[in-house]
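Labels for the chains are A, B, C and D, by order of writing; each one numbers its residues from 1.
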């Protein structure tokens, strides 16, 4: 029973120089499209990419991780990867300042994907801020399997809700919450979840967003006794499993709690197995404490 | 007698955000034009500029110095500054990769200028590589004063001779030398100088180029007993006189040899006062050794 | 709703906490071309020695990733000419002055202190002890508690009066709190943290060290995490000692980081080479940041990262 | 006209001088997805302790200018599971293996050495002594000549046989040659230079240290000038001791710089996080650079910056 177990880096991960095809500002975000060739066919909803930032004489030594918003291999063989980027610090600001024709060094796909049920179930997708990014392609996949898909998106303010038209089409219902009430219901996603779970007889919650939101959703899903697959966001130095910076205390199938790498055994994890309230310490009982 | 004496930073120096107007590859170099407003009127042949390189998240903390190739204040008030840049290391490569419309942080004008004689004398201008940059505007100024102006440009190979057409017009004769013989006379500028000095009855040599070339010219000028104003190129960290990295052993008017800042009391210096053969040590007799 | 942005170092008052770093602003003349020196908390002058110094041979510098090496070797006019020219000029400008001194022996520090004891218009003395001690096989004073305290004690004995003594320490030691303790016992009123780290660059074309003296001092953003750590450690050990922090500060955020770690004032060094206006920009950004975080007085922000949450 | 690019560390042979750095490549599994581990000179494994270790709480890292801080806290499965799983897997790959060990007491090092003494397929042992010594107020072994040599002596006594011992030193000391001397006397066959420097980042939003453990180890290009200086100093003091160099190497030029300073092999750490193929690119660039400078054998380039020109 090795601590770093069988879980390996995404078997399809490839490092490549990707040309930027387009870069458009959408609300508080940038929607960026990259030409990645056949790799696009290997990307699953929930996977992420890791991009070098800052250019040739950059002081930024680490890659930045971004959830895959959409990946498509066109019939002419052109593979496209789409991301939704929030300009925050120096890395993301550099990235959104790049122009079509520029190239970035990109590794894709990385990490685990959302689990897709074999049966047509009722799914509730919950996204916070740019956390909605991976949910639209997930919605399409689930719809194609005959699932009912409802979606809740929350953000601090209207401009930070990322919900493009074509995305909305793939869900049965879309509920929006904003902290300041500038769009949808004033409040947080957790305020509306219990009712939606009951109303749509939800079987599985899929979520992506800030850690505090994922924790709140976990409590609700446990109470309602529904499954909860969430995509976590821990600071990552390497994105490929070699540095051990991106860990969370997670209970394994064997009942042992381990500090688990979210870049390899995540970002998609079983929310009920994460020790959320202890994520900033080493909880008692963790293997090797 | 303070070591760092009366000599102050160029009184006209201004820090500004300059828009790139054009950027063209010419042989081994890039000819770049910047909009600098009225500052252009204050630039003299021999002055240099200091530019921040690398952008927002750059690992390059120091400015780069570039000799002013040409400065002009147009009648519509548009002030232009032209530079000739050799892409060498990370800073210069970043700079030549910038595009028209981009802006750089630039301080200009800095340093001393070539002394312009009141009488119409015979001048020989000698440039090595991009060292020809400041010589063309100097040639124009000298011509306007009625001087005879001959020019010698040397480089390792033809592509590294920077001698634009309009520049050539302002000199009485142009001699070119290349180490590999790919243009002009095969050899070094120092090979052709003695004859040219004699032939054109040269009163003053003005030079700009690698330190070894300046040293060789100094020996020739001393032998021929002509004045020698040269623009030196020492590594500069600040360009404005505060860091003391750019010093050379230079004999002052009082006969005392001091480690002298080439960014403030240079780059243009009296070649005969520089202790060239000791420029990589602290020669005996230097003040404060 | 503007904040009280002044600071004091052991009784010496400064209108704001942004200083120049020794050796990175000469004696202020050149920077005064870009902004009035009165808008600085203080000008810290280039370390001055007893006699004129030529400094080291060139190359004296090498750029490194997010930093630079220098081996200037304390080029300067010597204390007499410095007092004759630079100090009167700075006084005329109305600048607050902190004089930095450097010696090669304990006696040197004593002599410099005596030369400075009756000079008017100086707010504090910074004692740069990151210098080779010729009496001790060239070992740097700041690298040993005994030599560090001997240099400071010599200044203390000779300075007389009220002039605060700030000991500038080197980070190139196993335990910086031990050195801090020794200089505080010897009479230092404050500490300056940190001087440069010893580094080397090899030119891969000539295949030899790039600097004429082989090694040089590493400064700039690269060393900021070391500076923050050193300030935090020393602040934790000495809750009251005034600290002038420095090391890789290029913007208001960086300065704020040093302040939270424990700096009562922040010196700007290498950043000035990249931007002559750096100190001014940093001052404004730091003031805004302190306000934005709800501080009404700069001094409340000092050491704030050490607070124990209830 | 290809060069002899092999190197050896005290009898252990490596086909090329590019290694991974401990803790920056796990046990090689993930990197093997990008290139065959046989194309590395050696895989240096993450420092392993006696028992399983959870490591420290997150946040465990902070990016810094041209570098990063980490405080992983030696998370790992412990020596028994490591020997059961990782070593056989690495052997299967045909990789050259250097095992890095870490302890909290002198006895820990002894136990680890005994566990490793009869393990087949290991080329050398790297002893990470930049760990807090629980028996000595948590002071890091590598910061004191006595504790540093005690740890190495314990390994020497227990390892038996021919396995070379490489002592990995911390740059956070007043004089690294003193520590080098102590571990060489205690039986180290080679040195690894340098481990990370102690640093800190304060989050200016939360106004508290960013890492859960407050301080962390600084790595990356920012520290390269410190690594070059440390390697150069130790090489000058010990002309023959094998040195594995590391610290901020991101390309062939950087690796060459460490080699010229005195490194017989170069480990790649933080660069791998930015680029999984870093070690391969660096290997190729270093080989080309050595050739371009006219070396016919890699070993001739080692320490070349120390030559005295006639």
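To be clear about the criterion, contacts are C-beta pairs under 8 Å (C-beta built on N, C-alpha and C of every residue); 3 or more make two chains touch, one makes a residue touch a chain.
Since the structure is predicted, the reported quantities are computational estimates derived from the model, not experimental observations.
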Set of chains adjacent to subunit A and to subunit C: B, D
B-D or B-C, whichever has more C-beta pairs in contact: B-C
Per Cα centroids, the chain farthest from subunit C: A
Separation of subunit B from subunit D, taking each centre as the mean of its C-alpha atoms, in whole Å: 46
Whole-Å gap separating subunit C and subunit D, where each centre is the average of the chain's CA atoms: 34
Distance from subunit C to subunit B - Cα centre to Cα centre, in angstrom: 35
Subunit A and subunit B, separation of their C-alpha mean positions in angstrom: 55
Per-residue overlap in subunit A, given as positions that touch at least 2 other chains: 59-60
Subunit D residues counted as touching two or more neighbouring chains: 65-67, 220-221
Graph class of chain-chain contacts, one of line, ring, star, complete, other: complete
Touch list for subunit D against partner subunit A, complex: 23-27, 29-31, 33-34, 46, 51-61, 63, 65-68, 70, 72, 75-78, 81-82, 84-86, 212, 220-221, 250, 270-277
Complex contacts: residues of subunit B adjacent to subunit A: 53-60, 90-91, 93-94
Complex interface listing, subunit B residues touching subunit C: 1-4, 8-9, 11, 13, 15, 52, 59-63, 105, 107, 234-235, 237-238, 240-248, 258-259, 264, 279-282, 286-289
Complex contact set, residues of subunit C against subunit A: 65-66, 221
Subunit D residues within the subunit C interface of the complex: 64-67, 69, 143-144, 172-175, 197-202, 204, 207-209, 214-215, 218, 220-226, 228-229, 232, 248, 253, 256-257, 260-261, 289, 293, 304-305
